[in-house]
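Look for subunit A in each of the two complexes below; its partner is subunit B in the first and subunit C in the second.
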Partner chain A sequence: MNIIGPNEILFLLQGLKWTILLSAIGFVGGGVFGLLVALARTSNWKSLRRTTAGYISVFQGTPLLMQLFVVYYGITLIGMEVDAWVAVTIALTLHASAYLGEIWRGAIQAVPKGQSEAANALGLHYVSRTKDIILPQALRLSLPATVGFLVQLIKGTSLAAIVGFIELARAGQIVSNQTYKPLLVFGIVGAVYFVICWPLSLYGARLENRLAAAAAR
Partner chain B sequence: MPQTPNIDTPLIAMEGVEKWYGTFHALKSINLMVRKGEKIVLCGPSGSGKSTLIRCINHLEPFEEGRIVVDGTALDDSSRTIDAVRREVGMVFQSFNLFPHMTVLENCALAPMRVRGTKKAEAESIARKYLERVRIQDQADKYPAQLSGGQQQRVAIARALCMEPKAMLFDEPTSALDPEMVKEVLDTMIGLARDGMTMICVTHEMGFARQVADRVIFMASGEIIEEGEPEVFFRNPAHARTRAFLGEILAHH
Partner chain C sequence: MDYKLDFSVVFDEMPDLLLGALATLGLALAGMTLALIIGILGVAARKSRFCVLRGLVIGFVEIVRNTPFLVQIFFIFFALPMLGLRFNPTVTAIIALAVNGGAYAIEIIRGGVDNIQKGQIEAGLALGLHKAQVFRLIVLKPALRSIYPSLTSQFIMLTLTSSVCTSIAAYELTSVAQIIESDTFRSFEVYFTITIMYLIISWMMMSMFALINRHYFSYPVR
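For the complex of A and B:
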């Protein structure tokens, strides 16, 4: 039987579940470590700035596919058995933290200098200055770019197929092989990606317009 | 033994302060003593170092040589002395620098909570007290962007006062304001001066200088050129550069 019935659709939706889960893992892990990267990039400590700049260059300058590959097979090579989950979590976290760290570094530096001066003059310390004054403004500034990266990340999770995840794109490939209807199947898969990513892109654009309007005020 | 405040002990003392920006000599052997309760107006052409001078007092700018002592604490680049000085010295900026994501009340209550460890309710009552003093208590729940420039600057003054500082530094507080808003800010500052606050004001508002200053100091090229009581300073400036400067700004006012 080579028709696309409820079973095939269900199989694709199973794949979608993994896609969403992998995106969430990348985003949460990348968010936590990305914040640390951004803070390190904007610290007063030169060696910390340099190290994290190198980290960002490496992960922005190599394909995610290769990063997944290196983490999954690389850890196995040094004699440790890694679960595909662990490998993917590490790789996506590293990847996303480099990108988010760089986005947020820019946003932190875009907060006017007068803000940290006023905080300093009031006697506020680093933690309060960062948590109460700088980050709330920086994260707001960075929202459009952050949402844009989330869209990239959702599409990027398709590469997790390389270490055995049957996420949406891989599920589509399997269904296509079974049904011999690649155009239809990948049409559906593409539409599903689009339905997730497009509203996010629209949301990002709207945020950007709103910020621009606020800045012009 | 109860401490008897010695009127002659300066609250702020700068001795031989030198500052460079790279090769640019921004402050040249600055000596300045400010007694408790004294009001100083600093004026001079742009780039003369007057803002740099007051920014050294609360260590927003480090200085290379000399000594700055504030209320008995000598600044030495350690966070301990910097913290001690910043707790006692408030600052008001030309561009207000209110925190845009916080309400007026939150702007004022933050530092007492974070720096002094004051409880939220108490910090807010301190904030309301000083907002009332700058006559803007009815705007407490608004955000800075909803206020006029003059109102924002008054909030900035209240925010600094909430730390109950011993001295206030004003860095051209009315320069970014529309002309019709200058008066409300100056009136607030005059009120503060009347209540005995120690103040150093970088400003070109010569009417304000005449009215409240104990001393007017003229700076040019990073040096203190001349200082004196306002009446003497304005009527009979000793230096040609002071005369040229006064002629220029008085012609514009």
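For the complex of A and C:
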């Protein structure tokens, strides 16, 4: 079996499905927890700010691969029999929540202070002040960096291959071992990642330019 | 299930782990140095008059930044030998780190160079400085200063990324840990310990970069 036939392509596509699924779950889960992290990071409560700062610094100061390993073996340690993909999902969610939390923290703090003061003066409560005044403006500011992180996350899901999870990169490795055509197979795998990530990167760059142009006005 | 944490096996292997950490630092240092060189040369090429050269640099940056490091290192290790380019795992790891870090360095340095006002370059030329001097003194140093924070955090990221080099069995901290793990089956203990070691490495790098920043770049702006 030395050719890349429909079976091999199908196998790679199966891997691609998991890559996309992992990225999506990591991004959504990371988004929800990341929002909580960002809000805690900008809260008035000092110990909450400190704790989340530590959380962010630990996740940004360790390799994603280690986070995958520790969560993976940590879960089996407490005696839970879980699928590899549950462990990978949890690790990616935690990872994404720290990075997105830090990005959104910056965006929340970049919203001019007068905005929250004005909302305060109008008698708005914390919830509506945050939900209606601060976050919509912060979201706009954070969009380029958020898209940039999404690209990083999609690429990061490839590390699930090392803990044995069959996504695109691991599927590529398997097909390459079967067909002895590493140049072609890794070329294809790289191209597939590129086709997913590049449009996102371009979109992020365009958003950034637009924001910069708006700020210059 | 009753599982008792036992870190003693990990501490028995501490000398090996410390050597692995040194290897990681070595890989990271080699990768960072080469990445910086690629970054500077890449920006020079990116600004050249030849559109082919500019196009090549843009293509290189976009391809590297939009594909995973793991695929890049697999490509270098498994696919390039088909073209007659065969490297041992350590050299492969250094090349992969240099290429990956280099692409990001080009983007970051270019951002800094673009922010330099044209009048400054013209003033430098008018003062009789040579083109190379203008590039080094008027373009490069102020640009380095403004990009220093993003460049150094990219370098820390590169150091953490070097853990992926375990996938081709290059000698570094993670691969040492994997060997210890397969000998002792103390997976959680081993990985937890080296996670902390990575954390210490990145915190050390952070403070070192902050120190360099204060010494080298603390001249007044105006």
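The rule is short, and it goes like this: the second predicted complex is superposed on the first by the 215 of 217 C-alpha atoms of A that agree within 3 Å, B and C clash if a C-alpha of one lies under 4 Å from a C-alpha of the other, contacts with A are read in each partner's own complex, and residues count from 1 in each chain.
Here, a contact is a pair of C-beta atoms (placed from the backbone, for glycine too) under 8 Å apart; a residue touches a chain by one contact, two chains touch by 3 or more.
None of these values were measured; they are calculated from a predicted model.
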Overlaying the two complexes on subunit A, which is it for subunit B and subunit C: clash or fit?
-> fit
Pick one for A:R140: touches subunit B only (first), subunit C only (second), both, or neither.
-> first
Check the residue A:G5 against both partner chains and state whether it touches subunit B (first), subunit C (second), both, or neither.
-> neither
Subunit B versus subunit C, judged by how many residues of subunit A each one touches = C
Applying the touch criterion given at the start, work out whether A:T62 contacts subunit B, subunit C, both or neither, answering first, second, both or neither.
-> second
In the superposed arrangement, does A:Q173 touch subunit B (first), subunit C (second), both or neither?
-> second
When the two structures are overlaid on chain A, which partner does A:L77 contact: first (subunit B), second (subunit C), both, or neither?
-> second
Considering only the touch criterion stated at the top, classify A:D132 as touching first (subunit B), second (subunit C), both, or neither.
-> first
Should A:V189 be classified as contacting the first partner (subunit B), the second (subunit C), both, or neither?
-> second
If you stack the two complexes on chain A, which partner ends up touching A:A121: first (subunit B), second (subunit C), both, or neither?
-> first
Would you give the minimum C-alpha distance from subunit B to subunit C, in Å, for the three-chain superposition?
-> 27
Subunit A residues within the subunit C interface of the complex = 58, 60-67, 69-70, 73-74, 76-77, 79, 151, 155-156, 158-159, 161-162, 169, 172-173, 176, 182-183, 186-187, 189-190, 193-194, 197-198, 201
Within the complex, subunit A is touched by subunit C residues 1, 3, 5, 62-63, 65-72, 74-75, 78-80, 82-83, 156, 160-161, 163-164, 166-167, 174, 187-188, 191-192, 194-195, 198-199, 202-203, 206
Any idea which subunit A residues touch subunit B in the complex?
-> 112, 114-115, 117-125, 128, 132-133, 136-137, 140, 214, 217
Which of the residues in subunit B end up touching subunit A in this complex?
-> 58, 60, 83, 86-87, 89-91, 93, 95, 97-101, 110-111, 114-115, 145, 156, 159-160, 163
